[in-house]
Amino acid sequence: MSSEFRRRVAVVGATGLAGQQFLVALADHPWFELVALAASERSAGKPYAAAITRSDGSSSWLCDEPFPQRLAEMPVVEAARLDLSGVDLVFSAVESDAARQLEPIYAEEVPVISTASAFRYEDDVPILVPGLNLEHAALLKRQQRERGWKGFVAPQPNCTAIGLVIVLAPLARAFGLRAVVMTSFQALSGAGKSPGVAAMDILDNVVPYIPGEEEKVEKETRKVLGSLAGERIEPLDLPVSATCTRVNVRDGHFESVSVSLERAASPAEVCEALGSFGREFTDLGLPSSPSELIRVLEDPYRPQPRLDRDLNGGMTTVVGRVREDRALPHGIKLVLLSHNTKMGASKGATLLAEHLVQQGLA
Amino acid sequence: MSSEFRRRVAVVGATGLAGQQFLVALADHPWFELVALAASERSAGKPYAAAITRSDGSSSWLCDEPFPQRLAEMPVVEAARLDLSGVDLVFSAVESDAARQLEPIYAEEVPVISTASAFRYEDDVPILVPGLNLEHAALLKRQQRERGWKGFVAPQPNCTAIGLVIVLAPLARAFGLRAVVMTSFQALSGAGKSPGVAAMDILDNVVPYIPGEEEKVEKETRKVLGSLAGERIEPLDLPVSATCTRVNVRDGHFESVSVSLERAASPAEVCEALGSFGREFTDLGLPSSPSELIRVLEDPYRPQPRLDRDLNGGMTTVVGRVREDRALPHGIKLVLLSHNTKMGASKGATLLAEHLVQQGLA
Amino acid sequence: MSSEFRRRVAVVGATGLAGQQFLVALADHPWFELVALAASERSAGKPYAAAITRSDGSSSWLCDEPFPQRLAEMPVVEAARLDLSGVDLVFSAVESDAARQLEPIYAEEVPVISTASAFRYEDDVPILVPGLNLEHAALLKRQQRERGWKGFVAPQPNCTAIGLVIVLAPLARAFGLRAVVMTSFQALSGAGKSPGVAAMDILDNVVPYIPGEEEKVEKETRKVLGSLAGERIEPLDLPVSATCTRVNVRDGHFESVSVSLERAASPAEVCEALGSFGREFTDLGLPSSPSELIRVLEDPYRPQPRLDRDLNGGMTTVVGRVREDRALPHGIKLVLLSHNTKMGASKGATLLAEHLVQQGLA
Amino acid sequence: MSSEFRRRVAVVGATGLAGQQFLVALADHPWFELVALAASERSAGKPYAAAITRSDGSSSWLCDEPFPQRLAEMPVVEAARLDLSGVDLVFSAVESDAARQLEPIYAEEVPVISTASAFRYEDDVPILVPGLNLEHAALLKRQQRERGWKGFVAPQPNCTAIGLVIVLAPLARAFGLRAVVMTSFQALSGAGKSPGVAAMDILDNVVPYIPGEEEKVEKETRKVLGSLAGERIEPLDLPVSATCTRVNVRDGHFESVSVSLERAASPAEVCEALGSFGREFTDLGLPSSPSELIRVLEDPYRPQPRLDRDLNGGMTTVVGRVREDRALPHGIKLVLLSHNTKMGASKGATLLAEHLVQQGLA
C-alpha cells in the first residue's frame, strides 16, 4: 500500500480489554505503526508486559489471540502525559470518564478514534460506522474550527448499536423505516473491563437489564442513520425500542429485530438489499475490512454466536431468519449477529481509522 | 377437601419427561388418586421402576424431585389397552402423534387433560388456561354431543404460549390489544423428550430457531384470548409476531414482549392490571394453584430464570421491566418468565383439571 | 427443645455471602435468636436491607433462598464496635484478615464460631467438624486459660477439606490411612465474596489453580484427623496430595479421591464403613443435622453436583463409585460431593454451634 | 515434498463427527489425495453435501472449520462395498462394531489407520502414537504374515489415553514409572457421535462416569508404553488408576495426574524431560506435526482448555503445575491438556499415517 497512508499511532488505555484488542488489531498492520502505549498512572513507567502482570504473577492479557511478544518491553506512559510529538493518530480505549478528560487533550494535536461514549452525543461529533455514514465526517471540520483543534474526536457506536445500524442502513435506504423493536442477547465480553459478569450470576440464567444500554442503542441508531444538514446531523425520526439482556455467551451480540418499513418489501427483497449493501466500501480493500459488510444466511438455525461470530474475522454482520412480521405495518423481522469485540470494538475502530486515512480525512 | 372432588386418575405417557412431571404433580394430591400408569408397548408389563431403568442400569428419571418410591412397583400398562373401568380422568403426556390416536379412545369414556398439541386447533376443542378462559369449556359439551363421547379432550397451550397469554389476558381486558411482538429465550427442558438439546450445540451459544414453535405461539395466543360465540371460539383478531430461540438455561422460558394497546396506559396502570389479575381464581385455593397468577417485580434486574422460576412452585408468571414502548402506538414493553415444566406443563395441566373438577365440568 | 439451649447470637460479616448464608441458616432457628448484625464501617448504621442495596438500587442478596424480610429493618453495627452485652455467641463470616483482628475481641467475652481460616493453624485452636472430632474441643479450655478469654474461637475447616475429612474419618478409624491423592472440581460459590469467578474465565473452561487451597486441604485434613494429646492435637501422619481446580458449577464441591489404606478392605467393606458412620451424632437430632452424615450411592453416574448437592439440605456428603485402586497399596478410590455453601460453610458452622451448645461447651 | 509420499486415500465413516474431522485434516494435504468417501448404506449414493443434510434441511456438519465445499458433490459409497482399486490407504472413523466388520476387509488390500477401538487389544495390533512408539509398528508385518493381508490395521489410542501416554513416555524413559493415578475432566466432543451429551445433563454439573473409559485408559497406557519383544508387545508393568469424568467444556481433555517414579526427580528435572521430548520426531516436519509434542507452562493458572487447547493446531499436549506429590514414593503431580478432536482423533491419525508413510511402512 502507498506510503501516504502510513501513520504513527498511540493506543491509550492500552492495558484494558479494549486496549489489548487494539494491540491485536494493530499487530503487523500495513499502515499503522504502534509507537506509544499509554495507560493510567498505576501502569506508567512499566514495560507493557509488567503492566499487565497481576500481583500474583499471572497475566491479565484477556484476548484469545496470543500476547504480542514484541511489545513486552515497550514502556507504558501515563495517559495524561502522552507526548504526541511523534504521533499521528491516537486510538482511545479508555472508560468514558477518562475519555472526557483525555480525548480533548489529544485532539488538540491529532485525530482521536475512540471506542468510548463520552463525546458521542455532542452536536459537533459524528458517530461513524465504516461503510455507512462517511458523509457525517463533515462534522470533524466543524470540531476543528469551533474547538480550535488540529485533530478531532471520532467515536464509533456502542457495540450493540453497531450491528443494528449496519442492518438498518440498507433497509432505510431501500424501503424507509417507520419503527424498530429490538431485543438483544448480549455476550459476556461486552460487559467490558475485568471482572465483568460474575459466573454465578449468569450460569443457567439470563439477566434482563444492562444499565444505560437501551438508551444508547436508541439514541445512537437515530444519529448514525441521520442525515447531514450543513455541519449538523439531523437524527432520523425513527422510534427505536430496545430491550437489552445478557446471556451466557462469550462473544457475539445476537439481536432479534422487527422493523416496520415505509414501503412494503418481501423477505427476498430485504435479503437482496442486505446482501448487496456496502460493496463500494468493501471494494476499497482496506486492511481490516471484511469482504462483505453483511452476510445473509438461509439456514433457519443460523446465525449462532459460536458458529458465526468469527466470519471474516468478526467484521461481517450475519443475518438470518428474514421473515414477514405481521404485527407491524410493512413488517419484516430477522435476527442478526455482530462480533462485539471485533467489528463492535477496537478492530472496527481500526477499520474506521483506515477509512478516514484513505479518504484523506485523518 | 370435599370428597365430591375425588377422582381416580391415569397418566398416559408416564415414562417420559412430561409423564414423570405428572407423577410429581400428583404425589400426595388431595383429590386425585393415581390408579394407572400407561406407556408405549415397550414399557408395558413392567413395574414402573423397571420401565424407567435404562439397559445399563441407570435411571431415566429426569425430574429434579426425587423418584416417588411408592410407584416403584406399580405396573405400567400399554397405552392402547388402558382399561378405563376404574378411571375417572386421564392425564395425557404423550407426543402429538400418539395423542391423535389415543386421546379419542379415552375421551369416549372419561375426560382427558392433555399437554399434547394434537387437538388444540380443532374447532370443538378449547385451549384452556387455568384462571383465564374457563368459559371456553363450553366447547367440551359440543365435543361430547358431536363426537358421541362421554368424556372430552382438553389441551393446555404450548409452554411458550402460556406465559404470554397469562400476561396478555389482563391487558386485553383492561386496555385492548392491537399487536404483539415477542422474542423468547427458551429453556433446555422445553425441548421435550430425551435427549433434547445437545450440550455441544448450546454451550457458549444461542440457537435462533425452534421448528413450529412460532406458529404455535401465534395461533394459540389468538385462540386462548378469543371470545366464545355460541359453541365456537372466535380467535382474537390480534397480530402476534414471535421469534423463538433456545438459550443455555435449564428451566424457565423468558420472553421479551412489546405490546401495542388499543387504549393508552401508563406502565403503572399496566403493572396494576397485571398484579391484580386472577384473584378470583387464586382465591379458589385449588390444590396446585399459586397464590398469585402474576407477580410484577420492580427491580430492573428481575425476573431472572434461575432466581425467579420457582416462585410459588413455578406456577406464577413473573413480570418485570414494564416500560413505555415508543416504537408502537400505545406501546408497552416488558419481560416475563414462565416455568415451562411447571405451569407450562404437567403441573399446569393438573391445575386445569382441578378447576374443571371444582366447577363440576370434569 | 429445652430452653437451656437458647442462645442470643450475632452474625459478623453479615452483608457478605457467608454472612447472608448464616442469616438463612438461622432463620426460624429453634435455639438461636439473632440479636445483632455486624459488618464493616461502610455498612454500619444502615438498616440491613439498605446495607445490601447497591448504589444502582439493586440488591446484593446472593442466596437462592429469599431475603428474610423480618431482618430488613434490623440495624447493622460496625464489627469493631459490636456490643456483646446481650450476646451469647458470635458467628463470624468475615475474611481472614478481618477475622484475625475481630475474633479475639469477641472471644474475650463469648464463643466465636468461625468460617474464617485466620486461627485454624494455631496450636490451641481446633478445627472442628460436627460429628467427627468433638474431643478436639478440649483445646477450647486451653484457649480460655492461656489467652484469658471467657469465650473461644472455634473455626470449621475449609469448604474443600470438610467433605474429604468426613469421608476419610471412618476409613481412618476402620482401616487406617497411609496416603491420599485428591483432585477437586470446585464450584463457583466457593470463590467467596463478590464478584468471585468471572464468567468469561470459566465458560467452556476449567481453571487448574486456586491459590492457597491445596495447602489448606492438606494441612487441615491432617489436623482434623489428628489425635488429642493432652491439650494439643497431634496431626495425623498422613501424606495428602491435593490438586484443586475450579469448574463451571454453581454449588457443590466434587472430589475424586484415591486412598491407600493401612489394612486391605474391599469396596463393599468401605461402603459399609462410610454408610454407617456418624449415626450416634445424627441420632442427636440437632436442628441443622442431616439424618445421615454420608450417603453412598450405587448408581455409577452419581453423585452429580446438580442432582445430589441438596440432599438433606446440603448437609450430607454423598459418595459414589467406590472401587479398588490398583495404583496404591490397599488402594480404594471414590468420588464425593459436599455442598460448599451448606455443610461447607455457614450451615455447617451452625450445626457445629448446636453441637457445642448441646454438649455444654458453648 | 517428494512425490514418493503421495497416497490416494479413502475416509470411511465420512459423515460422522470423526469422519468430518478427517476431511478437515486432509483438506489441502500435501501428500494425501482424498479419492473416496464411504459411509453406511443410508448415505450411500448421495453426494456428500446431501448425505450430511438432515430431513429438515439443516446441515449435520459438526466441525468448527467450514464445510469443504469442493467435497459437496463427491459421491458417498457404501462402506461395505468400497472399491479399493484406486485407493492406497484407508482412514477408518467408524464405530467399533462396524470397524470390526469393515477394517479387515480393507486391510486385505491396503493399510488402515483407525480411530476405532475394535482391534486395539489384539496381540498382533499395535496402538501407535506418533513420536512415541514407532518400533511397535513391527507388529504390522506380523499382521500381514499371519492374517494374509497386504495391508494392516493401525489404531491410535483412545482420546483420553493419548495425552496421558505422551506425558508418561518421557517420564518412563528418564525416571521409570511405578504407578499412575489420573482423574480426567473430559470434554463434550469426546462423547462422540450425535447427539452426545444432553445439555440438561451437564449444565451446572459434572458427570462422574463414562462407561468403559477407565478400562481403556488403563489398558492402552500399559500397551503403548510397553516394549517390543520379537513381534509381541510386552505391556509395561504399571498400575494405572483412572477416574474419568465429563465436564461442561466443548473441546480439550484436561487431566490431573499423579505419578510415582522409579527414581526421584525434581519438578525442574521433570519439566526438562517433558519439554525436550520428541524433538527428533517434530524435526521430521511432517505435514500435520506440531513443532513441539509437549509444551510445559509455568503460569500456575494454565493450561486451561479454552485458552490452550488450540496450541499448535491442537497437536501439542500442554502441561502445567508440575509439583512434588508427597503422597506417592518419588511422587510428581501435574495437570495436562490434550485436544481430543485434534491430536486425540482424526488429525492425530493423519499424523500417524504421515509417519508410517515417511518411514516407508505404509
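A, B, C and D are the chain letters, set down in written order, and residue numbers restart from 1 in every chain.
We adopt the following convention: a residue touches a chain if its C-beta (ideal position, glycine included) is under 8 Å from a C-beta of that chain, and two chains touch if they have at least 3 such contacts.
All values reported here derive from a predicted model rather than from experimental measurement.
Participant: Between B-C and C-D, which chain pair is linked by more C-beta pairs in contact?
Facilitator: C-D is joined by more C-beta pairs in contact.
Participant: From the C-alpha centres, identify the chain that is farthest from chain C.
Facilitator: Taking each chain's C-alpha mean as its centre, the farthest from chain C is A.
Participant: Between chain C and chain D, what is the gap in Å from one C-alpha centre to the other?
Facilitator: Centres of chain C and chain D (C-alpha means) sit 43 Å apart.
Participant: Rounded to the nearest whole Å, what is the centre-to-centre distance of chain B and chain D, using the mean of the C-alpha atoms as each centre?
Facilitator: The separation of the two C-alpha centroids amounts to 47 Å.
Participant: Averaged over CA atoms, how far is the centre of chain B from the centre of chain C? Could you give it in whole Å?
Facilitator: 41
Participant: Tell me, which residues of chain C touch at least two other chains?
Facilitator: 203-204, 248, 250, 300-301, 307 - these are the residues of chain C that touch more than one other chain.
Participant: If we count contacts the way the header does, which residues on chain C are in touch with chain B in the complex?
Facilitator: 57-59, 64, 203-204, 299-301, 307
Participant: Show me the residue ranges of chain B that touch chain A in the complex, using the header's touch definition.
Facilitator: The touching residues are 179-181, 183, 185, 203-209, 239-241, 243, 245, 247-250, 254, 256, 258, 260, 300-307, 320-321, 325-328, 331, 333, 335.
Participant: Could you please specify the touching residues of chain A with respect to chain C in the complex?
Facilitator: 56, 62, 188-189, 194-204, 211, 248, 250
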